[in-house]
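Below, chain A partners chain B and then partners chain C, in two separate complexes.
Coming up: the complex of A and B.
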């Protein structure tokens, strides 16, 4: 059975009718006990499992997923990867992730198609240009790459945008991050799954955690639709359903669930080769390698677990797209969907102890956790293996809602969340 | 476009409404000089959310008429179960 992907193997399998490939991961029956149980087979859960083995030598690990791998937000997002945040704590986190993404395809022997095509975040007035300069300075001081562009430079990078002085929001310039880009979201989940499986991690799909087992106030395992599974430490990375799991286990979270929508157009010839985001229109888009425009925007306005989204935001995002790039007005949409994201009061993630001993959380990534998968996995693995924070995860502990040291990144995201 | 019921104006476009928060939270009592509220209690009041999967009770405002009311919904199906003016429920019942 062919195990690794290489030019030679691709050629050989091409000549043999692609019959020699083995499954990318096993489908084992759950064992009775594991050293670490991870609930949620999205990008964060799978990456955590991988780094548990690779960085900490913890080999007896299970990932438990109620549906299929990456069927949550990891397979539903608009694939933007960037580290253009404002606070040092955030840059440390998201830039670690961008750096790990830069070597990920090679490390996992799986093409995650990280394409560093850069990202333009436009500014639409002179005061906005001043804020953009402040943002660029903050990013540079924190060690991320950033440039302030004038309108001519933006025109060169993304000529499809609306540069008319009569536009509702005329473009004055932009914040540019050249190392930002897009990745193939399913491939990130699959790449981590395959690599973790090869290191001995049991990935158990179609297995829902229905209860959390505690003994003497300590979490000792989970009840699932495939029976009880015990674990030394349990980690929950169940974006969108974080509060549902919290209720089962008896801890609380400062999280509200909202639908976030995305759109893909019919494929077309190349019209843009960067990620473009115009904050006042509430719309961003990029073009996938297949040619479809991948379009996203802000959160729905009504808290929801209904995975479909609603009309007002569709209108805002698509109306915004047409004002942002009028040439796209007649482009037809191919697909539209929504994911349920867990939003925190400061738009920053929550990583750390849940409040129930032995149970840890990785959640609250809201609209922006795809870019953070390699870092989230690294940090969560550190916590699950050692029981203590990594320096980079410490500021994201849930205790910040008690101490008041919030990391309010609502503005850096630029999108309502 | 979903219609939400304003107890004062009747069914209106959802875009006219503002979600103000979950119902049932009680602000810690800060009256009097002895009233010492712990950071944990403040945090719970300010940030902790029930975020229920299913039947929810929420405070909404209908912006055009400024009516503040209790909206009961289903957070998965998005069905509206009922709307009650705070004038009718009274603060006590609304925070139950």
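Coming up: the complex of A and C.
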């Protein structure tokens, strides 16, 4: 069986009708017990399993997924990867992630197509330019790359944007992060799954966790649609359904769930070579390697689990898009969808103990957890293997909602929540 | 090139000729044609290239189910990317360019990529381009990908109104089922609205030959008159694109080429989905060659536009829906060879020009292969609204079951399933 992905093996397999490849991961029946059970086969769950083996030598691991791998938000996002946050705690987390992404394809032997074509976040008035300068300085002090661009530099990077003097919000300049970009989202889930499976992790799909089993106040396993599975430690990385799981286990999380919508256009020859975000329109877009525009915007206004989306937000986002780049008015959309995202009061994730002993959570990534998958997996694996925080995850413990040490990125870097 | 236009069939107006160009060559069509029907009438077979291997592609379906004939179209200095030729009404002076092909769909310099298909299998890019780094390969791949080209020029007045509307009953789909439903709703005193994405009502009826002993055209006109007399409204060239909470239906009305479409937010008391069905392909080697077409697509081209898909036709069908269509093709002057797709391995022979089809080792020389793998109901809106499906079973595709909200799906096309 051909296992390693390489140009040489592709060449060889091409000659023999691609018949030598084995499946990228097995589909095992769940065993009765594991050292660690991870609920949720999205990017965070799969990365956690991979790093549990790789960094901590914990090999008896199961990932339990109710649907198919990456069928949650990992396969629904707009694939932006960046670390342009404000607080040092955030930069430490997100920049670790960008760094891990930079070597990920080779590490996993799976091309996740991390494409560092940079990101511009435009500023539309002189006061906004002041804020942009403050962000650039903060990012640099925290060790991430950032530049302040004037309007001509923005024009060079993304000529399709609206530089007309009649624009609703004329562009004055931008924050530029050159190491930012996009990745192939499904490939991130598949790459981690394949690598984790090769290290012995059992990935169990079509298996929903229906209850959390506790004995003497301690979580000892889960009830699933494929039977009971016991575990030494249990980690939940279920993104938009964290409160649903919390209810089963009897803890609460400071989380509100919203639908977040996204769009893909018909494929076109290249029109933009970076990620562009114009905050006043609440819209951002990039172009995929296949040629489709990938368009995103803000959250729905009311909490919901309805993944079909709604018209008012569609119109706000698409209206913003054509104001942002008027030539795009001619472009037709191919697809539109929503994913459910869990938003915390300070727009930062929650990593740490759930409140039920033996059960840990990785959640609250809101609209921005795709970029954090390698870091989230690294940090969550650390907690599950050792029972203690990694230095970088410590500030994101849910105890911050008791101590008041919030990391309010919504207010600080103005991320779209 | 031979003309494939059949005299006196179709809804086109033969007194109004329209000139247009495709990949630089001039052609003539008629008022009522689409870009695709006019090209087929002129004997143009190669209309595009496949996304990855640049294989020559022909027209497959007659409406939005066609994935191949996609053009950059210019009219009165307005250029729009990626226009599906099968849903773009022909206008005088249109100029169409195939996308993803250079210099033309017929002679594409990247056509040779097909030779490497054994190495470019599905998902090959996940397995390579990692050394030294993806960034080395990505720019070239980005340039090769994508279909049409976006002309960055801004269009003046490319805006349209957005309106809020309401009705008691919204019927989506103006075929026989939808027309009857809209008429019944309107005549019972309800505020009824009927929408269809075609410029004219009638759906698949034109291919039916006759209904209630009347010609489809006359029957449709009678239904429209009855609906309007009873106070019902009809919106043509209007696509329902989504069913949202509280029965809000998104409608987009085509305002003609180069004009921005109108957005209608329709609040419907109830919805009736009479959205019809699509032909399924049958899989066999080279079934993407120009000249291999869906059987119902060919039947629509004949009925609506008076265009005969070919002169020497092989029909590969696994259902009894094919019979009347075969009769129509023969009546229009084609020689039809009916082949049993269950006999054994099949393969289309020919590259840009179809030479024939091989079934179970036997070669049949034909210029067109029409295939029908059975009809699949169009249930996208039904599912978007949260409706469920039962099936599929080996002999039936999935079909809609009762809905929890105020939607019903009419199942007329289901009567014709195998």
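Heads up, the rule we're going with is that the second predicted complex is superposed on the first by the 411 of 417 C-alpha atoms of A that agree within 3 Å, B and C clash if a C-alpha of one lies under 4 Å from a C-alpha of the other, contacts with A are read in each partner's own complex, and residues count from 1 in each chain.
The rule is short, and it goes like this: a residue touches a chain if its C-beta (ideal position, glycine included) is under 8 Å from a C-beta of that chain, and two chains touch if they have at least 3 such contacts.
As the structure is a computational prediction, the values presented were derived from the model and not from experiment.
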Could you classify chain B and chain C on chain A, in the superposed arrangement, as clash or fit? fit
Pick one for A:84: touches chain B only (first), chain C only (second), both, or neither. neither
Chain touching more of chain A, residue-wise (chain B, chain C): C
Taking the superposition on A as described, I'd like to know which of chain B and chain C A:187 touches: first, second, both or neither. second
Figure out whether A:348 sits in contact with chain B (first) or chain C (second), or with both, or with neither. neither
For A:306, is the partner it touches chain B (first), chain C (second), both, or none of the two (neither)? both
Have a look at where A:270 lands relative to chain B and chain C in the superposition and call it first, second, both or neither. second
Superposition-derived angle with apex at the Cα centre of chain A and sides reaching chain B and chain C, degrees in steps of 10: 90
Quick check for you: in the superposed arrangement, does A:5 touch first (chain B), second (chain C), both or neither? second
Now for A:291: first (chain B), second (chain C), both, or neither, which partner does it touch? second
Chain B versus chain C as contact partner of A:73, first or second or both or neither: neither
Touching A:252 in the superposition: chain B (first), chain C (second), both, neither? first
Between chain B and chain C, what is the tightest CA to CA spacing in Å in the combined model? 5
Do chain B and chain C touch any of the same residues on chain A, and if so, which? 306, 310-311
Can you tell me which positions in chain B touch chain A when the two form their complex? 1-2, 14-15, 19, 39-40, 43-44, 46-53, 56, 58, 75-78
Using the touch rule from the top, collect the residues of chain A that touch chain B in their complex. 241, 243-244, 252-257, 301-306, 310-312, 345, 401-404
Under the stated contact criterion, what part of chain C meets chain A in this complex? 51, 80-82, 118-119, 121, 124-131, 134-135, 138, 141-143, 145-155, 158, 162, 242, 244-245, 248, 250, 260, 263, 265, 384, 386
For the complex, give me every residue of chain A touching chain C. 5-7, 9-11, 13-15, 17-18, 105-106, 109-111, 113-116, 159-160, 184, 187, 190-191, 266-271, 287, 289-291, 306, 308-311, 315, 326-332, 336
